[in-house]
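For reference, the structure I am asking about is given below.
As written, the chain order gives the labels A, B, C, D, E and F, with residue 1 at the start of each chain.
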């Protein structure tokens, strides 16, 4: 939410956004399940210009043993940006932003994993942002959810995330970079789609309670669209594997 | 002990120091026992413009177990300066100065704790300098001793500290900031007052053996005054607690 | 391999090198076994202007226990340059170069130690470069091998190292600083001399396969000369000790 | 935090209390703990505030130093927020660099102040592109009994509202008040456990909490920031209810803030 | 790496295979795995390449920033290479600063590029002694199934050969290709186990390998770099045989590199 | 250091010896070990000294670089002291950043040199406020058999007294001796155990020592620095006795220092 250049219009006279989208339109999203060989589960997502890989290892025994939880699995999420994924090279290693995102994404995903069925175990979730545009935490969480399913981790549902926000006074879906920089509010939301439980919710900017309701509804609508793409990606991988086994 | 500006007089013609004190006069000292809720014992001290909190946790089992000492308690002291406690903001975290002070203060306090009665245990002593003037290690050690007593840690005595030094050729008690910067010697001393055992002793500057004797005597005199304030603070808290119980 | 100043001749018209040596001539090498008191084995080497100490501790039980190898000893090598050993002061602590050298030197030495006879044990090898000229990894490995023997570590052979390279188009032995900086290739080699096994081999620069053969042969010749000095140093210490015992 | 060490018994007891519409410390579910704000207590700091929220105690100190601006905002001062969960405050806090909890805390407090533009950073430019004031907000947690988000945010804001620009220390004339631009947002935190939602959780509630939601609102009742935490979920209706309660509590807290920082009339610098 | 966890049974099985002149994945001992190079895939990077070598996947991104030259080379750009063995790529890789394996990998790749002068660093000087381009090569290992040295080195070179100087981003005119000086060396890695020498080891071979040798050769068949690793030894004859095989494989790999970077005719920029 | 690993038997044995007025290595309680100082041994360093005190061996190297002065002393060179307790010197020393023992050692040596103004830092100013000489004192402990404080302090002083300013390396004319201002203080360390006080403790004495006191004295017999260590206590009389002994030993040590640094006549630069 930087200061907007005065002549910058983010919504034109036809109600179109700076990248030509309608207010409730998502950027193009492509999802592929299982692209990696070593990981127990993996997913590659392209969401607008974001390119993100997620990999899951586990469940495996928590080591050292004194860190085991006797009643449930420990879920570790690590969100990382490749140093070349942003305009100005980022120093490798976690910064404060990626530590916070790792925390909120990990907490959101933990809710949906049947951790109580996997005592003393650890599940490691790795999210690598290879090319970054706005909305990496939503895209990364969405990919991580597919990777968890691909790894066969028992889950109550497949979480999914999408952001909504406010741009030039208008509530819009899935902010792009310019909208994120110069808009009035950005609100990433993750849900468990089956019961519409809210798993992740952050907001910065300025929303009236009415705008918040509108934005939340829009974000959930976006989540539901992406949720279908997640399931198609998993199905496609499943069909391929069955096909291979039947050869 | 920086270079003194030539026109700076630290002792005036009437023998008064730069802040108006007599050579053997302490700055105002206020001590409060038990201000914190979570800590097992705590103390707040104001000593001149120093504002310092001390907190004690323990005795508790030393973990991990392979670090336990089979015959005695381990005493960990941590002296820390808040980043806003000094003129120019200090980067958070321990610097070399605070690591050294943590070490000498911890060693001094360990002597007086009945560590041999608490095998396999750890006692953590935290000293937080919130507003710093000269003499923080003496004030911090003094507060830590009260916090130990407040936590009910078994001790042979209640340690107390005070510095003496040399300023404009004169041996003085409890140096203030300007005296510390431009004086000829600073000597923090901690004692166990009952038997006048010397627990901490550091000195930098220039003292003849005679001046050293004089300074040591003065520092011990200062310790004895502060020792009374420590006991009054503990008594006051004890009376309040008894009062509360009798309500 | 920096860019050579145009007027710099590294080999003169008589075939002599910049420090007066012939192409196949080593710099002066002096080796002393056992100069240190605390270490289980030690060695001091002067090789040209290099001054290097090596110390060995072990075999001792690997701790913590979960790091023990059930079938063999763990060999840890640590190559370190003193901050004053180079022209421009080096920040203390390992840099990327010393981490790589520690790794390749440790791997080379491990081969020759009868690690399978020392399960669950650790052998620590410390190499401290006190005054650095070119060729510290070869000199350090050579000293470490003597320190291992001095510590009585069971070994199949006593490893030894020496470099060869190419300077002004000529294959030469044991490059000095200028040759290392402005030459065309540097190739450190470590061998187990008994069977001429190659334990360490690195190369940067430009060598034809024929030049490589020539350089390897020359490096092995250098190794064999230094190998004799290693054995003399160990013998000298042995004789002294026997002498002392017979007194 | 340390969930695994709390006995299941305690959790069950608190769930039972919740079913009977009671909290462990006797408060109602929409009741904030007693709040006390004291400012200007650290002589060496350019601004400072101590917040006591029940047994939770936070000290925030503000320091201003001079440095270079960011290349993309050459005319603006720089704001940087740091939180230290020092071992003094809790047996669970360990010495060392900030962990993920301290980082989340610092970032949430920072965003609340930054996005609302509480400080007028453009007035903190000394020489465009060369030299600007850097405002350091240092959050020092002294005693931890729950709800660090609200207490830290309040302490940071109270310290900023009463801070000065230390011109004298840099031989630049007289000190002046830190330029304040917008009315600060008030942060209000809720947790969910055993089917109930409780405002301003104490430590025992935080330990067993399933989900947490912090909502910062402005004086007009609009939402300025939200941060959901922990691994539990909220329904849409729960979020709406929380927002409503955050607006209500926010008004009461704002009154205490204004009183303790001399902004009783709501007038801004 | 993690040798101790591999059962002796596996080792013995692979030794038996080796005696029967077989590798665990069915290749011959001089057979490289299928190699695929893709460039220009990261929009935010100045250059990028993904190398798939069997199941091993490496992504290298190139970024150029501006900074000061080294005092001893005031007229030259700066090259810096970093490798991240991220936990995504293998259960053995841990988060944190590069360990000795990542450092050795980065340094070997760096030396190959630096000593051969692949990049024309002198053309990357902007203002002598003041400002030069800094070329960051970041090696991101995505999927680890052995032979990181060859795959990383190839990916770094392919990314460099197709990288641009981002003049536009710094308001310095149009972007231009990164100046390339010399034909790059091709790295070829061999391991020894159970008495045999195998090119391009897969992970299972690396785990039981006794010794490793990487040889980088140029298009004229000369040796440009060598790096021996692991605690086993080579005989002189083995080294000679490896060099010969490195030259042969190098020619084949170079062809694939040239095709995928648009250098089919071997012409240099 | 590592007290817990020493058997109680050893402690009792040494206490018994002490009661019989004996030390474990046969010295009297006021007897310093043989001391040998060698200077100028590291070619790359601007100054260097090796001190052998019994079996303890310390190497100190001095490097001078150029850098900015501290803002509050724009006309003065900068002094910085670092101690490395490298694993070579003792099985108890671990690789890694300096621990509290190394830091205390470096700070005590540093204060001794700084407070007495051994170096004339004002003569190390090159351009006021811009460029000054930075003097790095690096203490490298090679062999640890007790009393690092005295050995390190002596080695640092001997290295400084024989160091040069490396003008040539910076194209600033000929090298010249490092400007020395005041006669250095001599540090003398004592430990207390089993009711006795022993000068210059060997390692076995340090391990069982209850309290330690280091006293630095100048050539006029005045006290320039003191540092008490360990968790035991001293009586006032013990401190007085130690000061007296420190003055006596100091004179003898100073003679050896002067001889080995070519300052036999006590004349200063």
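Structure notes:
By definition in this document, a contact is a pair of C-beta atoms (placed from the backbone, for glycine too) under 8 Å apart; a residue touches a chain by one contact, two chains touch by 3 or more.
Owing to the predicted nature of the structure, the values given are computational and were not obtained by experimental measurement.
Taken together, chain B and chain D share no touching chain. Ranked by separation of Cα centres from chain C, the top chain is D. Compared with chain A, the chain whose C-alpha mean position is the greatest distance off is F. Mean C-alpha positions place chain B and chain C at a centre distance of 52 Å. Distance from the chain D centre to the chain F centre is 49 Å, each centre being the mean of its Cα atoms. Per-chain CA centroids place chain A at a distance of 58 Å from chain F.
Counting partner chains per residue, chain B shows two or more touched chains at no residue at all. Interchain contacts close the chains into one ring where each touches exactly two others, per the touch definition above. The ring of chains, read from chain C with the first step to chain E, runs C, E, A, D, B, F. Contacts from chain E toward chain A in the complex involve residues 41-45, 48, 55, 57, 59, 61-63, 65, 82, 84, 86-91, 95-97, 136, 138, 140, 142-145, 169. Across the complex, chain E is touched by residues 36-39, 49, 51, 53, 55, 57, 60, 78, 80, 82-89, 92-94, 124, 126, 128, 130-132 of chain A.
Taken in their complex, chain E has these residues touching chain C: 4, 73, 100, 103-104, 106-107, 111, 115, 213, 218, 221-236, 239-240, 243-244, 247. Residues of chain C that touch chain E in their complex: 1-2, 69-71, 75, 96-97, 99-100, 102-104, 107-108, 110-111, 187, 192, 196-209, 212-213, 216, 220.
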